[in-house]
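All remarks here apply to the structure that follows.
All chains are identified by letter, namely A, B and C, in their written order; residue positions are counted from 1 within each chain.
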């Protein structure tokens, strides 16, 4: 009750400011340097999560104008003004919201932002990353068995790139287990590993593979 | 002459993109960290300085809607659409342009920034600071190679805390090099980095360490 | 880098030079190259060979592939490439499995009774399963690569905090002395134990431990002022050898009269206190007699 009132008061106060709650939210989005969850944003603005989520979707639609084709903007048809898309977009990745430059302008923006330009991953690194993403938490030995080669140096590179991390030790073997990081989700533009493409269409009739695998596990 | 043509072609190309030249400029302004001059922006967009300056003033007016009272927006009376101000503003500071959160929301933004801030550096931050202190000037990639993990966000935190700073670019790779600040010396209670204790007593067999890292350097 | 091979004596050039994902198909010339980088492992190679022959990998007809695979391995041997041991042995395992499969194919159909035959068929199934699994991950890797590339076209806004906000941040609590900070740096700069790229021999010989180094470490800690128990001093010792070295080092330091011991009763906690008034004490005064004893192979440690 009390909290509800505070949230209402908060909203009322924000609406009294130039640009209203929408502009206040934008102001906060300007200073975050990693994705912020709707909960964090709501707490910062002293409004409810529901209000913030509405505002976030409004902004997302507004920034994308009418021409957007992004699959995550499902409600774009409800945009109520005919505006050109902005040069930036608001995206929900790795569980949080953040502003990105629009990919159409990648080439131009790239001339200004040298850092962060990451070199492409090698085929070996991509395959190792794929196995870790789908089998996490997983030991090096197991990834190695799936790929058929030693993956030590590739795992080191992926750790250094911040795409995977140590997630403790296997209670049985004591081997270090690896998992993907939230930076990986960010780089993939997805909210969680559950959003990764399904593996099964690529694995015809292999229901028992894991048992096979555990039997031959090193 | 020739250059003029190129600039015209550049503008035509930009206008063909979703959102046009305005959006392209916005895309750049949204992600640059350091203020950029109109000349730099013009070069990056391949248009003339005059075009960029027009666009900058348009954007500045647009972001500020009608209600703005910022003293540096002298042309606000010419804004041609009745829009609410956005939560961000485009400011020309010391000859460079950058997007900032609107000062009306300073209190809210400040509250958000303070939320969850700790008064202590994490172990990861301390170790990264130690590596930078003893290997300065040093790039993020190298610190990352030494620590074996991605240090991007930790480096940002240390910079924000005023403990390290940008000390120019590596002549070879162009990567930003970091060094410790005088605030760091102050906190350590020493007069210069030369007064940092020698490492050797604590680390037997460190003679070859630099070669080791240079060899494994990416 | 592609090690060049001698002209192939066989008419049928191994598939490896022109596998589907080889990218640049080698122009036919007297010599040809095996680009090891084309394949990220034996499964990859095997898949390459299979798809070259447009075979369903669930089909048993692997004889041709087996031949080519073995041929490929031979070529690698001839090259004298310094293959990492495990990689070479992986190839061997697969080559052996393929040979088994070839043998299994020779068995009359429907007459699988022998336990050995069944084992062979199981091995075949296992290999198929692993190959299929690898193939799936390879396809997924392709999708990940495309997504990462597409996503890299979006740049996140991640600008430094505006000055007036940064000024709001609470003052940092800083309790590190320069010495503690140096210790931190030493830990951070120490090369991480590289993952073994070869079979470890560390268990065969105990790594050398220097009494002198251990004396330095303890001297540093004790000079901070507070008396420390022997238990504390050896808390981070990784091996018994280090514990022994530290104990010997303490005896040496006692002889140098820079430390004092306190033990209320036999087997009780042993407390060590720094008594040296000479802050410049260093381990060079230690006698050399233990050095020889504790460091049998006084060479490089196996750090790199």
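The rule we apply is simple: contacts are C-beta pairs under 8 Å (C-beta built on N, C-alpha and C of every residue); 3 or more make two chains touch, one makes a residue touch a chain.
Treat the numbers as computed from the prediction; the structure is a model and nothing was measured.
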Looking at mean CA positions, which chain is nearest the middle of everything shown?
A
Among the chains, which one keeps its Cα centre farthest from the Cα centre of chain A?
C
Separation of the C-alpha centres, chain B versus chain C, in whole Å, is 36
Starting from the mean Cα coordinates of chain A and chain C, work out the distance between those two points in Å.
30
Averaged-CA centre spacing for the pair chain B and chain A, given as whole angstrom
22
Mind pulling the residue numbers of chain A that touch at least two other chains?
29-31, 33-34, 88, 99-102, 109, 113, 156
Listed in rising order, chain C residues that touch 2 or more other chains are 155-159, 161-162, 165
Touching residues (chain side chain B, partner chain A) in the complex
17-20, 22-32, 36, 40, 44-45, 65, 67-68, 84-88, 99-102, 104-105, 108-109, 111-113, 115, 140, 144-145, 148-150, 152-153, 156, 174-176, 218
Could you please specify the touching residues of chain C with respect to chain A in the complex?
40-44, 84, 86-87, 90, 94, 125-126, 129-130, 132-145, 147-159, 161-162, 165, 195-197
Sort out for me which residues of chain C touch chain B in the complex.
155-162, 164-166, 168-174, 176, 178-179, 181-192, 210, 213, 216-217, 220, 301, 303-304
Touching chain C in the complex: which residues of chain B?
30-33, 98, 100-101, 106, 109-110, 113-114, 117, 119-121, 126-128, 130-131, 133-135, 146-148, 156, 159-162, 187-190, 195-199, 201-206, 208-209, 212-213
